[in-house]
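Note sheet for the following structure.
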C-alpha cells in the first residue's frame, strides 16, 4: 500500500544524507496521506545506505503499524502530532543538523537577520518551551509534537515551516516530504549564516518592510519569483 | 541571438555551484552586450542542474524580454542598474554566499585586513545604505542597483568589484561574466578569512603602503604578476 | 594469528580517514582479544593509503610485539592501559579530530548541551588531569592511559565512551574497533555542535530528566530505539 | 635541466590544491638544488589545472631565469632569501590558507596550545615584523624573506618550519618540496584548531615538559615515532 509515497519518503530520507544534514542513523522524514489518514516514515535505527523503499513503515496517527515488518522511527509520535495539528502539512523532517541544533541547544530562536531568511521563513524560527518532568516521563515524543504545535497557535506553519525543539534540534515541514527536506536544508543554511553574522556584530534584525517584500515576492498572490505554472 | 554570450552566462552560472557559492536556485549571473544594449541573464527559480544555455533570457536594460520563453531572474533590474551605472562592467553576479552574506547582515563593510583582500579589492568592501520604505515598496530591485551605484560614485567599480547589499547579500562584477564569478569567489574567501581574523584579534587593517603595493603589483601599468600577453 | 581481528582493525583505521577525523598518519585504532590477552594495533607512522591488513601489529598488554615486522603505534601503551582498566572494552581509538582536540586544548570537559550528546554520552565528556613531570618523563603513554582510567573510577566507560586528554586530544572506545570509531565520530560531532552553541549563548546544559530520557531510550533494558534483535 | 626536480615541484604544487590550501592561482612551491645553486619554482599566475612539469621555471638565487619561457612566481625573491638564509632547507611553500592567513592578519603568533602543534613545531609559530615603507617600496618580496629569516636568528628553521608574514599569510619549508607542503598542511590544521580552542577558553599554552616530550618523541636522536629506516 502507498507504494508511491514510500518511494517519495525513501528518496527524501536519502536527500538528508546528500545535503549533509545527517550522519549514521540520525534524522527521519515522513509523509502523510491525508485521505487514508496514514503516515509513511523511516524505520528506526536503520542506516541510510542499507535502506530500501519497501522498508518504509506505514502507521496510523496513533503510530500503530499498519504495514511493514520494521519498527517506525522513535520520533513517529512527534510527526503524528504535527499532522494532526497542521492540516496543510504533508511532510515532516527531523534532523540534528549542526547549526540549527546549536541554536536549539542555546535555547534561542533564530532571528530574521536578512533576506536569505526572509525569502523562506516569515519571521524568527521559534524555540519550543521546556517540557515538564511528566511530559518527558510519558509520551515524550508526542508531547514534543504538541509543544511544537503550541508555537504555531497564531502562525500559519507553512509561512514559518520549521522549529527548534529546546535542547534537542530542528523539525521542518512542508506540503510534501520533498518540500519538508528543502525547508530543512534552508533552515540549516539560515542558522549557519546567522551564527556567522552574530560573531561579526550584535544582532541587527531585518526591518519589517524588507521582510514583507522578500517573503511576499516569493509566496502568495503577489509573488513574482520563478516561472508561471 | 547572442548564442555565444548565452553559453558564457550559462557556464558562469554553473560555476557558482562548483565553487559552493549557491544552493538550490539561489544566485544569478548575467552578462551585458554593450553594442546591442542587451543583457543575458539566468531565468528565475530554475535549478542549476536542469538549466540549458538556451534557457538564458535576453532582455533590454528595462528588463523587457527580447528573447526567451522564461521569466528572467527577479534581480534583473539590479543587474540592469549596474550596467547603466558602470560603463566598464560586462558581467554581474549575485549570490547568498555564507560569509559575504553574514557581513551584509551585520551591516559592516569588510575591512581590508590583509594582502589576500588587497590583491583583488583596493580597499574595504562597502555596504549599501538602508533603502527607504518607498524604495522598497516600488522598483525595489532597481533601487537596490542604484544604492549600489551610489557607493561607487567616487570609486572605479573595477578596483573594488563587489559590494554588500545591507541585510541581503553580495553582488560582484567584472569585465565579463567569468570575471564576475571569479570576483564573487574571491569576495567569499576574503569575507571568510576576515571573519576568522576578527575572532582572533580586534581588527587590524592593512597599512596603505602595503595595500598599494599588493593591488598595484597585480593591476594597472606597473603590474608584474602573471605572464606577458 | 588473529587474522580476522587484523582485518577489523585495518578497516576501522581506514574509517577514520573516511569520516575526516585524521590527516596524514594521525590517529590509530586497536582491538583487544580478551581470550588470548593480545592487542592488534596500527603500525606507527604508516600512511593510511599504504597500509594493508597484514601490517597490523599484534602485541601483548606490555606492548611486546608478538607478531608483525613493524613497530606498533607509539600510543600502544595508552591503549593497553585502557584494556586493563576497562574490562568491557574491546576497541580503542585515538585521533586529533579538530573540535574534540580544541576542547582538550582548552582544558574544558564538553558539557552535555543537548540530546545529540545525551543520545550517546551519559553526561559531560571529562578531561584528564595534568600529568606530573615524572609521569611525562617516563612511561608517558602508559601514564596517559592511567590518567584516563582515573576519570572513570566511578563511571561505566561504556556509558561515556570517550575522554579528552588534557592539551592533547580525544580517545574513544567501544565493545569493538568499529564501535570505538563510531563513538569517535559522534564525539567530534558533539564537540563541534557544542562549540557552535557556546558562541551563540552561554552554556545551557540539558536538564537531568531529558538526559536520562534520551540516553535510556537508546541504551539498556528499557531502550526502544532501533530494531528488535 | 633539473627535470626530476621540476617534476617534484610540479607535484608539490598540485598537492596544495588537493589539500585545499589554495584556490585559483594562489600559492607557490619551490625547491632548491644546493649543488647547482638553482631554484625551481611555479610560474606566475598560471592555474594549477593547466600547468605541466616543464612549465616550472629555473632561476638562480637572484631570480634570474636560467631556463623556462614563463615568468617565475612573483614571490620568487622571498623563496630565494630563505634558501640563502636557511642552509638546511630544500623546499619552500607559500599559501593563503584560511586559518594561517587569519592569524597572520591578526598579527598574532600561533601559540603552542597542544600536542598536535608540539608534534611538528617546537614552540609558537612567529609573525614577522612590520616592514618599513622603503622595504615595501623596493625589493618588497626579497625584504619579506629577510624579515622571515630575522625571526629564526636563534631558532633552527627545521624545528619550527613555518612563519606568518604580518598582514599577509604563511610560508612553510622543509628539506624538500614535499616536506614543505606537508608542513604547510600541518600549519593550517594547527592554526584551525588554535582558532577553535581560543573560542572555547582563553589561551592555555602547553607546558614545556609536554612540548619537549611530544616534539622529541618524533624528532632527533631519541625519537621513537614511525618505523626504523
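The letters A, B, C and D name the chains in turn, as written, and every chain counts its residues from 1.
Just so we're on the same page, contacts are C-beta pairs under 8 Å (C-beta built on N, C-alpha and C of every residue); 3 or more make two chains touch, one makes a residue touch a chain.
These numbers were taken from a predicted model, which means no experiment stands behind them.
Summarising the inter-chain layout, the chain whose CA centre lies farthest from the centre of chain A is D.
Because chain C and chain D carry the same sequence, their contact can be compared by residue number, and under half of the numbers here are used by both.
Distance from the chain A centre to the chain D centre is 47 Å, each centre being the mean of its Cα atoms.
Rounded to a whole number, the gap between the C-alpha centres of chain A and chain C is 33 angstrom. Among the residues of chain C, those in touch with two or more other chains are 199.
By the contact rule set out at the top, the touching chain pairs are A-B, A-C, B-D, C-D.
Of all the residues in chain A, the ones that touch chain C in their complex are 23-26, 43-46, 70-71, 74, 96, 98-99, 101-108, 130-131, 133, 136-137, 140, 167-169, 195, 198-199. The residues of chain A lying in touch with chain B in their complex are 113-116, 182, 185-186, 189, 192-194, 196-197, 199-201, 204, 206-207, 209-210, 213, 217, 224-228.
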